[in-house]
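Following this line, the structures themselves.
Next come two complexes, and both contain chain A; in the first it sits with chain B, in the second with chain C.
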Partner chain A sequence: MKVGLRQSMAFLHTWAGLLFGWLLLAVFVTGTTAYFQDEITRWMQPEIKGERHLVASAEGAVDYMRQHAQGVETWSIQLPGKRSVAAMGYWKEKGETYLQWRDHAFMVDGRGVRVDARDTTGGWLLYRLHFDLHYVPVLWGRWTVGLAAMFMLVAIVSGVITHRRIFADFFTLRLGKGQRSWLDAHNLGAVLALPFHVMITYTGLVTLQAAYMPWGIAAAYERPADYHRELTGIDAPPTRSGTFAASAPIADMIAQARARWNGADPGFIAILIPGDANSVVKITQDTGTSMATRGETLTFDAATGHMRTPPASRGGAAMTESVMVGLHAGRFAPPALRWLYFLSGLMGSAMVATGLVLWTAKRRLRLPDPTRPHVGFRLVERLNVATIAGLPFGIAVYFIANRLLPSAMTHRAAWEANWLFIGWGALLLYVFLRPPRRVWIESLSMVAVAYLAVPAVNALTTDRGLLRSFVAGDLVFAGFDLSMLVTAAGFAFAAWKLFRRPLARVRETRSRRERIA
Partner chain B sequence: MIALCILAALAGFVGLSFGMTRHQRDVLGRTLAPSTSLRWRIVGWTGVALSLVLAAIRDGAALGTVYWLGELTVAALAVALGTTWRGSRRGASPVREPSGER
Partner chain C sequence: MRHPIAPALRIASRAFVAIVGGYVAAALYAATMARWLPMPRTEAVMIGMLASFAIYAGVAIMAFAVGSATRAWIWLAAGCLPPALALYLSTHGVFA
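Showing the complex of A and B:
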C-alpha cells in the first residue's frame, strides 16, 4: 500500500513534534527570555545601581585584582555591555580549571567601586538552560538540544506540507471551536513568524556546529584546539620571566582598541600572568556591537601597553558563521528589534505549546470513553500541563528565590537554580496527583499567582519596587516588574477562559456521542 | 519610522487578506470578483514591498531585512486578530452556538 506524501509527512510531524515537543518548548521559552538576559541579571542584582562607565569599571576591576590577586595565572574582566551597569572581574589561580572562576568573581560598578551584590547566575542561567540543560554534563545537554533542533527543522518542513492550508488560511483564527481553534492557533504561531522559526532553528544548529559535526575540523587540524586558536585568534599563553613589571594603564589599551574598531566597545579583557614582565593583555570586541557576533581579539604587551600586529581579517566562511550566530542571539539588536525578537520567540513557544495541546484535542473526541482515557493519552495530557505551566512556574520561583534566599548563603547561586527545578518538579507532581479535569485551570492559576508574587516580593524585600522604579524612570526594573504582571495576566486569562468552558464542552461531546449511538 | 514600516506592512496584509476568498467570506460575508481580488493582492504585495524598502532605507539592507521580518510578524498578527474580531462580530462562523446556551 502506498501512502501519500502528505500523510507520511503528517505522521512524521505529529510524532517528531510530540517526542521532542516538551524539550523544544523549554528551549523556546528559555531562549526567548535570553533576549533580555542582561536586564534579568540586572533585576536579580538590585544592589548594583548607577550609570555604566566602561573604562572606570575596568580600571576598578584591575585595581581590585592588583590588591587581592597577585601572582595568579589570569585576571579576566567581563565588561558591561550597553544594557548592563557593572563589570565582573574574576581570576584563575594556577592549577584551577576555568569552571572554578565563580570562586573568585566580584562586581565593579560604574564608579569603579566593588559592589557586594548577591550571588546569582541571573539571566545567564536561563540562557544556558536553553542549550546546555542543567544537572547534566554540558556535552550531553548540547547533543540532546541539537537532536531536538534537527527534529525542529524536520517539524517545520513537514509542518508546511502537512498543514497545507496555512497559506490559504493565512490570517485565520476561529475561536471557541475546540480542536479547530487549537489548529488555527498552532498554524498562526507557525506561519506568521515562519522566517524567524526557520532562521532560529538553522542558526541554532550553526552555533554548536563544531560539536555536532566535528569531522571537518578533525580532517584539517591535528588537534581541535588548533582550530579554535585560529578561529578566535588567541595564541599560546606567554611564559613567565620571573621579573616583576608594572602594567601600563588599561584605559590606554581600551582607547587603542576603540580607535581600531571605529569606536566600538570592548566586551572582554584577559590579562595573562599579570605582574610579570612578559604579561599580555587581550581585549575582545563586545559581541553586541555588530551583527557578526565574534569580535576581534587584540593583543597588547602589558608592560608597555603596545599593541601587537592585529590578527588578519577572517575569511568568508568564518564571517558567515559569525553573522549566523549573531542573528540567532540577537545581541546586536537595538531595543525595538529586541522586542520584535522577543515577540517572535513567544510565537514560537506558542506554536510548540498549541501543537502539544492539539495532539490531545484531536484524540479526545475519538477516545472510546472520554472520561477514562488510555494511559498514553493521560501521560501526554499531564506532561503537557507539567511543561506548559510547569516551566514558567519554575522560572517565577527562581525569581522569587533570588529575593528570598539569604545573601550570605553558601552556594547561593546554585540554590537559586535548584529552586527553579523544585518549583517545576512540585508542579509536575501536583499535575500527576490531581484528577485531570481541573488540573489545567489549577496549574495555570498557580502560575498566574506566582508571577503576581514576583513584583510583590521585590517591593517588600528591596527598595526598588515597581512604584519607586517607575517614579525614578528606571526602565529596566519597572519593565521587568511590568512584564511579570503581564505574564501573570496572560496565565490568569487562560485559566479564566478554561474555567468558563470545560463543562459545556464535555456536555456537547456527550450529547454528540449519544446522538451517534 | 518603525511605525511607518509596520503601517505599510499592515496595509499590505489587509490588501492581501481582501484578495483571499477565505477572508473575504470572513470579513465581508461574500466573495469578490476575481479581478477585484487580483487588485487587492497587487495592493497587498505593494504594501509589503514598500515596508521592506522603508526598512532598508532606514537601516541598510542587512539590518533592515531583520527588522522587516519582525515588523511583518507584528503586522500579520494584527491583521489576523482584526479578522477574527470582525468575523466574530459578523457571526460569520457556520456552526455558531445559539446565543441562549450556557
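Showing the complex of A and C:
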C-alpha cells in the first residue's frame, strides 16, 4: 500500500495532535495566563496596595530577616518587577532544601513594611501548571509536557506539509458550514499565528533542555554540576568563619549593580551565610529587563559591599539560549506586545481546541449509526467538552476560592489549587453524565456564569471592586475584572450561538448523515 | 491475504522509530556536537542541545514520510551511524 506524502502527513497530524491534544490545550491555556502572571498575583492579594519601590522593599526584607532569621543559611529576596508592588523574602535554615521556601516566606510592600497578605500561589500556580502539572512529581510533569511539546512540534510540521494553500488560509473563514467551518477556523488560528506557534513550542523545549537532552553534558563533563558552574560562572559557596560582621547597606550594592547594567533593575538577591564575616551577596538582573532572560549575577562581599570581578560574558550559543527562553516567557514585553503575546496564546489554544473539535466533526458524518457512536468517538467528544469548558471553569473557581476561603485557613494556598481541580473535575463528571446534545450549551453557559461571578465576588468581599478600581484608576484590578467579564461574554456568546443554531441546519446535517449511512 | 493486524503493527513500528529512534538520534547528535565542535565546551554542549529538538522532529517526520516501516528503520540507522561512530572515536581516544 503506497500513500502520498500529504496523506501520510495528514495521518500523522491527526493522531499526533489528538493523542496529546487535551494536555496541550491545558498547557496552552495556563501558559497564556502566565503572560499576566504578576497581575493575577496582585489581584489575588488585594491586601497589598501602594506603589512599587524596589530599594525600600529590599531594605525592608533585609531588616525583617535580620530580626527574625539570624544564623540561617540563606536569605533570599524576590524583588518586585515593573508590574508588581511587593517583594517576597524567604530564608533557608540549616538542613532544609530550597523546596521548603514557603515555610519562611513573607511579603514586603513598597514602604518596606511587612504585609500580611492572604496565602496564595497566585498567577504562579497557573504558570507552574503549564510545565509541572499538579499533584504529580515535578519531573514526571516536565517529561510529560516535554513529550507533548515534541508531539506539538511534529503536529505543526506535518500540519504545514499537509497544507495545499497556506497563503489562502489567511483569508479563508466560511462560517456556518459545519465541518468546513471548523477546518477554516483551525487553519486560521494555526496559520495566522504560525510563527508564534513554532517559536513557543521550540523555545518551550529549550527552557528545559538540560533536563530533556542531558547527553551533551554527560559526554563533555564528568559531573553535570561542572557544566552549570562553567556556564554561569558562579563560584563555590562561602564557608563560615565563625566571626560576626555587620553587612554593608544593600541599597549601595543595588546601586553598583544598576550602574553596571546601564540602569537595569535587579530581580533577585541572595545573601549567603548572612551575618558571617565571609558572607556574600548575589544580585541577579531582573529577567524582564532584557530579551535575554538569563541576567548576569554579580557577587559582593557582604561586610564591605565590594563587588567581585563579574563573570565573563556569555558565548554566542548561551546567549541564543537565553534569548530563546526570553522569547518564550515574554517577560521583557511592554504592555502592547504583552497583549499580542496573550492573543497569540489564545490563538494557539483555539488552534488546539478547534483541532480537537474537528476530529469529531469530521467523523460524525461517517458514523455507521450517529445515534449510537462507538466508544472512542464518545470518549473524544466528552473529553473535548471536559477540557475546553472544564479547565476555564476550574480557573474561574480558583479565582473565586481565592476570595471565599478564610484567610486563617491552614494550607490555604493548597486548597485554592484544590478548588481549581474540584471545579474542573465537577464539570468533567457533569459532562460524562449528561446527554451529548445538551452538554456543550450547558457547560459553556456554566463557564460564562462562573466568570461573571468572579468580579461580583470580588466586589462583595474586598474594597477593590470594579467600580472603585475604575474610579481609583487602578488598571491592574479594573483590567482583571474586565477580562473576567470579557471571558464570560465570550463563553456566553458561544453557548448562545449553539443554542440558536438554526433547526434547518441540524436537519440538513441529519439528512446528510442519513445519505452517507 | 495479509494478516489484519499488519497495518497496526506497521504504524507501531513507525511510531517506535519516531518516538524512541528520534530521541536516540537527537541524543547521539547532541553528545557528538558536545565533543567535536571546535569551541569552548559550554558552547558546544549548548549548540548540541539547541539543535537536538529539530533533529528529533526531523526523524519523527521521516518515520511517517518514507514509503515503508522498514525504510524508516534503515534511514534511522543510517542517520545514527555517523554520530555513533564519531562519539565512539572520541570517547576511546582515537581522535579529539
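Definition applied: the second predicted complex is superposed on the first by the 503 of 517 C-alpha atoms of A that agree within 3 Å, B and C clash if a C-alpha of one lies under 4 Å from a C-alpha of the other, contacts with A are read in each partner's own complex, and residues count from 1 in each chain.
Just so we're on the same page, a contact is a pair of C-beta atoms (placed from the backbone, for glycine too) under 8 Å apart; a residue touches a chain by one contact, two chains touch by 3 or more.
As the structure is a computational prediction, the values presented were derived from the model and not from experiment.
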Clash or fit: how do chain B and chain C relate after the overlay on chain A?
fit
Pick one for A:Leu340: touches chain B only (first), chain C only (second), both, or neither.
first
Report for A:Glu321: first if it touches chain B alone, second if chain C alone, otherwise both or neither.
second
Angle at the Cα centre of chain A spanned by the Cα centres of chain C and chain B: state it in steps of 10 degrees.
80
In the overlaid three-chain picture, which partner chain does A:Tyr221 touch, first (chain B) or second (chain C), both, or neither?
second
Where does A:Arg174 make contact in the superposed view: on chain B (first), on chain C (second), on both, or on neither?
first
On the A-aligned overlay, A:Ala236 touches which partner chain: chain B = first, chain C = second, or both, or neither?
neither
Looking at A:Val375 after the superposition, I want to know if it touches chain B, chain C, both of them or none. Which is it: first, second, both, neither?
neither
If you count the residues of chain A that each partner touches, which comes out higher, chain B or chain C?
C
Could you tell me if A:Leu188 is touching chain B, chain C, both of them or neither one (first, second, both, neither)?
first
After overlaying the two complexes, what is the shortest C-alpha distance between chain B and chain C, in Å?
20
Interface residues, chain A side, partner chain C - complex
1-2, 5, 8-9, 11-12, 150, 153-154, 157-158, 161, 202, 205-206, 209-210, 212-213, 215-221, 227, 230-231, 315-318, 320-321, 324
In their shared complex, at which residues does chain C touch chain A?
7, 18, 22, 26-28, 30-35, 39-50, 52-54, 56-57, 60-61, 64-65, 67, 87, 91
List the residues on chain B that touch chain A in their complex, please.
2, 13, 16-17, 20, 22-23, 26, 62-63, 66-67, 69-74, 76-77, 79-81, 83-84, 87-88, 93, 95, 97, 101-102
Contact set on chain A toward chain B in their complex
168-177, 188, 192-193, 195-196, 291, 327, 332-333, 336-337, 340-341, 343-344, 347, 504
